[in-house]
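Each remark here refers to the structure printed beneath this line.
For clarity, chains are labelled A, B and C in written order, and residue numbers in each chain start from 1.
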Amino acid sequence: MIMKGPGMYPALFFAGGSADRGFCYHGHMIVLFTDFGLNGPYVGQMHAVLAQAAPSQAVVDLFHDVPRCNVRAGAYLLPAFVEPFPESAVFLCIVDPGVGSTRRAVAVRADGRWFVGPDNGLFHVLAKRAVCLDSYEIVWRPARLSSTFHGRDLFAPVAGSLALGMLPESRPAPLTVPDGGAWPDDLAEVVYIDGFGNAFTGLQAQRVGTRRVLQVRGHTLCYADTFSAATRGEAFWYRNSSDLVEIAVNEGSAAEVLGLQLGEPIQIQ
Amino acid sequence: MIMKGPGMYPALFFAGGSADRGFCYHGHMIVLFTDFGLNGPYVGQMHAVLAQAAPSQAVVDLFHDVPRCNVRAGAYLLPAFVEPFPESAVFLCIVDPGVGSTRRAVAVRADGRWFVGPDNGLFHVLAKRAVCLDSYEIVWRPARLSSTFHGRDLFAPVAGSLALGMLPESRPAPLTVPDGGAWPDDLAEVVYIDGFGNAFTGLQAQRVGTRRVLQVRGHTLCYADTFSAATRGEAFWYRNSSDLVEIAVNEGSAAEVLGLQLGEPIQIQ
Amino acid sequence: MIMKGPGMYPALFFAGGSADRGFCYHGHMIVLFTDFGLNGPYVGQMHAVLAQAAPSQAVVDLFHDVPRCNVRAGAYLLPAFVEPFPESAVFLCIVDPGVGSTRRAVAVRADGRWFVGPDNGLFHVLAKRAVCLDSYEIVWRPARLSSTFHGRDLFAPVAGSLALGMLPESRPAPLTVPDGGAWPDDLAEVVYIDGFGNAFTGLQAQRVGTRRVLQVRGHTLCYADTFSAATRGEAFWYRNSSDLVEIAVNEGSAAEVLGLQLGEPIQIQ
């Protein structure tokens, strides 16, 4: 799975990395962001490839339950979780309902960090918000490429290579605009429901004043700073720990209490 | 997330660690014990902080499905899983329904091992059973502290620092006694139901003679050494691999067969 | 958990490994394949033992939801996932309904790779397909052996030791044939249903021509190269990324649409 040949770019991406911080962690952390779910062999097979392609790099499982095949939800979740990671991190992002079709494979460098995955809109929101952006179509192909698991066969080796400072054979290319045109900067919809029943939206909380009131399925939700600021069983919205507007119920499940589902529209008043 | 300043204690906690055992593992394993569930971005964000704060330390995901917000269940589960870990291990323990309230953050040293988490009773049983105990209120605060995810923002950096041999700014302080007074040494209740339908109790098996009979929901359960010692479909109790009294059914789910739920009381006869 | 004594074989198994590939990864990756599920403390306790027994080895969680206690399903899944791993990998395989009974513990070397686990048929298919095969009964026992968690107490230390190049005290011994006699080379049954509702079978796809038609529960399924080659909602079979015949529905769940369950028989026509 090691990539070679004249198309390989030289290792000049990570000058001044954090290699001096520890024995094993040279700073080029690889971060997984997928819709595979944790069950089955999929995540493990990705780790197996990464452990061989980039043996001394830390690999962090950030998100494996992005709503399945829901590229748009993934596109609004991804940028919310980028910031705490080091600038040298490589994100391996797979929400790829079109695997095996003609959609392209891309590597995106946004504000210093690398993102690898399918060119299907998954990086659209990230790219809109980035100050510095470069994007590349990945031309390199492995010797063996299954038709249904490019995460393992194509994208993981590319991420491993980037973590070692090398971009496999690629050419600069703009990202494809999603079908139906560009998506909005912020998405006033539920994009994820966590195990506590809290509903993440695609709204950046810093852009919504705390005096604003949300309407969802006929319910009116006020802002609260913390869960304990709301009375028991009360629904509210707050700025979550990743700066998304989140809908919650103190000591309860917002999804159940309010009947929320993925894609539920929200009005800001 | 790196902590500095005059409040930092010097690195004298881990003299004689196991740094010579391998290249990457210097012996100060960090062990995660939470109620976050494995889905969502929470566990991954903790790992991201730890990978940066303590890059060369092994991190073990011990338990991420402690019954949600159930501090008391967590308090009886935690000590059962401590023993096989090295004395230099640092446990990062988050069952924290009061996050964002005035509950304190603590670091506890019990029989050599460090435990970091909220001062809400989670370490109460561990402390009762410890021979040597020191506890500290953590005074250090990160530059950015969300109101809902102290696991990531406060406790993970503290655990990372302890794994490097440093306790962030702290002051000696006794643990808070849970509301309603001290909890019993052993808890005759179901505190966890595993994926096989086996029910863990808060009873230390070594303290319950194997001739004793348990009563639960009108059923009488005798002791069996192993699953294969019981007849198929028969409910029994046994000493599980972590020395808790556990209720099981041979080739079946005790939770289903006996209708067990968390908190179910048990009588010892 | 470190094994010593005259029964220990010398470290001559891994001459010419890939120790030169990186700082932390010496090539003797340990791969976990179990039916424990990801919840509860079981997987974490295995990792804790491995982190102490073989601190500098990469550990990959390949599969933790092998159908529970279903040795036969595990036996057909295991060989499908072996190939991408390095020849020096050690597989720690636990599907062990007979734990605590008299079933033996074994270490199997198949075409270079080591496999450790119970001698209950789990390695039967792997062994049938191997060109080079050695099998050993593990005689070594740890100082403390619980009756219900040999994965942690016995098999994990053995795997850790093998990853360091040492086989604990053992004697050459053939594998036990499953009750009822040898299992077929290929199994025309559903052996796993993944989170997308796709059904893995025990059939090696390279041995089934793409012109063949499958019959399952009265439905007739043709071959398709990829998901996008089938019309929406259509059921088909394809060669999955691990070379198993897999039954799927484009943009749907084959398990739901076809009413598939584990063990469902398949006819090849």
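We adopt the following convention: a residue touches a chain if its C-beta (ideal position, glycine included) is under 8 Å from a C-beta of that chain, and two chains touch if they have at least 3 such contacts.
Computed from a predicted structure; not experimentally measured.
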I'd like the angle of the rotation relating chain A and chain B after CA superposition, in degrees, nearest 5.
120
Taking all residue numbers at the chain B to chain C contact, is the shared part over half or under half, that is, same or different?
different
Rounded to a whole Å, what is the gap between the Cα centroids of chain B and chain C?
30
Where does chain B touch two or more other chains at once, residue-wise?
23-24, 38
Would you tell me which residues of chain B are touching chain A in their complex?
23-24, 36-45, 47-49, 51-52, 55-56, 68-69, 97-101, 146-149, 152-153
Spell out the residues on chain C that touch chain A in their complex, using ranges where they run on.
21-25, 29, 31-32, 38, 58, 60-65, 81, 84-86, 192, 194-196, 225-228, 238, 240-242, 251
